[in-house]
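Each chain gets a letter, A, B and C, in the order it is written, and its residues are counted from 1.
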Amino acid sequence: MTQEIHGTVADGFEAVREEFAAVVAAEPPDHESQLCAYVHGRRVVDLWTGDGADACSLYGVHSATKGAALLVVALLVQEGTLELDRRVTYYWPEFAAEGKGGLTLRELLAHRAGVIGTDTGFTTAELADDRVVAERLADQRPYWRPGTAFGYHALVLGALAGEVVRRATGRTLQEVYEERVRSPHRLDVHLGLPAPLDHRFRPVRPMVRTPVQRVAPVSPPDGPHSLAAIAFNRNAARPTDLATLPNEPAVRSRGPASVGGVASARGLAGLYAAAIGEREGRAPLLKPDTVAEFGQFHSVGYDLVVRTHRSYGLGFQATADTWHPFLGAGALGHSGAGGCQAFADPFSGLAYGYTRRRCAYPGGAAPENQRLVAAVHASALGS
Amino acid sequence: MTQEIHGTVADGFEAVREEFAAVVAAEPPDHESQLCAYVHGRRVVDLWTGDGADACSLYGVHSATKGAALLVVALLVQEGTLELDRRVTYYWPEFAAEGKGGLTLRELLAHRAGVIGTDTGFTTAELADDRVVAERLADQRPYWRPGTAFGYHALVLGALAGEVVRRATGRTLQEVYEERVRSPHRLDVHLGLPAPLDHRFRPVRPMVRTPVQRVAPVSPPDGPHSLAAIAFNRNAARPTDLATLPNEPAVRSRGPASVGGVASARGLAGLYAAAIGEREGRAPLLKPDTVAEFGQFHSVGYDLVVRTHRSYGLGFQATADTWHPFLGAGALGHSGAGGCQAFADPFSGLAYGYTRRRCAYPGGAAPENQRLVAAVHASALGS
Amino acid sequence: MTQEIHGTVADGFEAVREEFAAVVAAEPPDHESQLCAYVHGRRVVDLWTGDGADACSLYGVHSATKGAALLVVALLVQEGTLELDRRVTYYWPEFAAEGKGGLTLRELLAHRAGVIGTDTGFTTAELADDRVVAERLADQRPYWRPGTAFGYHALVLGALAGEVVRRATGRTLQEVYEERVRSPHRLDVHLGLPAPLDHRFRPVRPMVRTPVQRVAPVSPPDGPHSLAAIAFNRNAARPTDLATLPNEPAVRSRGPASVGGVASARGLAGLYAAAIGEREGRAPLLKPDTVAEFGQFHSVGYDLVVRTHRSYGLGFQATADTWHPFLGAGALGHSGAGGCQAFADPFSGLAYGYTRRRCAYPGGAAPENQRLVAAVHASALGS
């Protein structure tokens, strides 16, 4: 019995619906996912599937949260509240400890700070609170020479950026986000989910692996104090299960800016659509210059945490280089560990959001995004 | 029926003639190519094949053109007219736009500027005119942070360098090249082919792929606004066919310094021989120090355009690292998209030039160069 | 007939003995090797095998020598005699020649100087004398822009560091090492083996390859003037056989600081144990801050000499990234061409030393280290 596909696509995007249906048909019967896309501010794809799910269902989006957090930083840079080439210590003097005094905000955003975690790890309660995380990181010796190399600050980039925001504005990144981005643009991407909306949250389901996948190693055989372990808090006394982190009420309600966000595909696509262009009658959040600067390649090469090639703009993943080479240069976005993907491609005017409930194998943007993004992009170019 | 091999080799280079013949025998019957090599200023290999071709036939050499252009820059640096560690804006103030003000000439030459093309592409007429290209690039926002990463400036490196030359000397790069390099050294490498010589030009023939090659992707599946597309002008309203660009009379007659040159193998090998040593009684164009500095590795790692590992000196390809690891460190040269290859290896005193008429699969230095360079190098060491 | 395994392991490290025995059983009958490990200053593994060998046998350890040399530098940095961010020329003015004046000591240690050898190579007598090597390198033009890239300074890093030490202290690196490290800590790692101990030296046996290994290329087909050839002195009139270099009495007795050391596994493990913690009642040689700084990643990416990905701290190999990803971030050590391996993992308090007499295929840390380090590490975590 095939699973039902809900929602609509605009004329010219019928192929996307077919591709989405094909993806769903290949998944187990309890599959639950959402796909949404905008082209130049117009919603052209709005699909979902899953028993009990609808377009307003909210999912843990893990690191796609960083996209919302970075949008706040971009806004503040655009209006002059933050300056990229200032040292981090201009805003946050305590960050100077252990040889980090020379690092600029630009370098910090580009995953070059080297404080990917701490020697002893975090409790889950600590990870829920960006301010506590930032305080701990300020004291930490960086794991590489700040600025000279880069690695994915998986669980902490949002806390680092957030502390800079807080010092510069007197308000948390989450507060600025709510007031300036989420609320006025009515976006279902929450950095801190209000209790009245919690019933829309669909708890993350853990990855299910086939027998073959169970044998294949998901990650490199790194130890409990490797850079990867530190970055993913596997060096903590009680290691974090990143996959199910959004299921923790304390995490979900506070919305730590690295991995604590909760969103729908509509929300993710809407966020990027609102960032780069007019949407529902509201002016773009970012000017083209700001979008270009945040999407500009800043860190390119060997990622010391992921241990392979990566490319980042100012915190955003360089989505075209890392995931979808047919996209335009300057595409900027962020995927999440559970399988979601979200980005804007300024050249084609495309904004894309994809969520799924069960964590995808092998972690990171789910493989089906390759097909879905290609279908959306092809229809967008033809539209 | 085997194709005839013309020309001569010096004593001790008989194996090169055999290797050349073996290469030709494996090609289709309409194959047309030239091979020339110097060792310490003495021509030791001078071979060609092809119906209607001779040693004076001229071919489109695509990016091997850059070798001639960079030689001009090296000359001007050597005599103090240009200084590598000056900012580009010292010579060319308009280049400061969009955050490029800090870039040095050294970084520009090392493919670090980040203006690999423009958001909207070029017409073929524009591409033929380095001055127009330079004007457009001055206004362009770089695609990565200038200086911090690098990528192959495939169609524009010559225009960027050329504009610096023009501002510093009042003359175009092509004019300086003609007066100081080509004419006195009687080299058949033309940046702007004079009409009286046009009858020697043999139009480029497009690549012919086997059925298997036709299925295999030639390039990554990048989109019309990817970095690779921008760098190769595939984002233009009418995308450039780089392979047959030299067949355009406007391109051939102006000789844009990135890809518009027309040459014979004798010319290419002679150019590099003249650069590094005495040749036909004339003093070397460059001092050993200049050769060493231009061949010194400046950009090493992931090339954002080519999307793989590359190494460059000051604009020149680090031929030993990228193509022929048995060559000496400091070998400097440049291949062309149609399959030609040209370089100097200062350690062994070898200068090499290879041209072919039909574009080679899969693009870039043709595979047969591996065998030919190895044979020439082995004979040179034994000689 | 299985080979006898000698020595002891502490309770909880029985699995290491089994693994060592399994490794030995897979080797030819003349196999000779030693394995030693400390955890938090306590010797927990002390094994050896081989006819005529014992725990005090001494082997040529090739580049593992660099670990001892770098420990001297770290000591002098710790006490303020050397400053990492000073230019090398502050200590050694002649080093400024050929564009090296801007290089800092930090960059020099991180394999960024670019003087990996000389255009004409060294005699073996020269290689035995760090001061002669340093003098030659001071005059050499670097093979890449100093500081901007990196490559393994295989045969010369110790001479470069040693000259800085000599200029700053008036004493050779070898003298400082003997007085401050080797003698007080009674370590069998000798930079210059005294004649009375020479009877304990077991000459290196050359690599023996299987028929399959004989066909597979051991190294890339690089030429006599490639960067790799220069770095390994294969460009010399009489190329160095690195493998058997320690068999030369002049090398062994002078102990050049890059590759001339002679050691036992007890010595190597003891050296790293003494560096990071208390051992046999003596205070640690280095403070945790110094260990962390020298183990901090400084050069990450494409190594121009080795032609693949590498990671280095301040001269030390980043052992976790390059060899054993299950180790802690900040693990620092150095393997040797003949197959030995040695490192400290500050997080787990582990110090490891392994020697073998016959050069291992294919060169560098011998493959069996993968199994042995994993076994030691697992037992250490469980202990």
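Annotations
Going forward, a residue touches a chain if its C-beta (ideal position, glycine included) is under 8 Å from a C-beta of that chain, and two chains touch if they have at least 3 such contacts.
Remember, it's a predicted structure, so these values are computed and weren't measured experimentally.
The two sequence copies chain A and chain B touch through a face in which the numbers common to both fall below half of the numbers used overall.
For the pair chain B and chain C, the CA-based superposition corresponds to a rotation of 120 degrees in steps of 5. Chain A and chain B, compared by their mean Cα positions, are separated by 42 Å.
Across the assembly, chain C contributes residues 301 that each touch 2 or more other chains.
Touching chain A in their complex are the following residues of chain C: 289, 292, 296-298, 300-301, 309, 311, 320-321, 325-330, 345, 347-348, 377, 381. Against chain B, in their complex, chain C makes its touches with residues 99, 119, 141-145, 148-149, 220-227, 230, 301-302, 304, 307.
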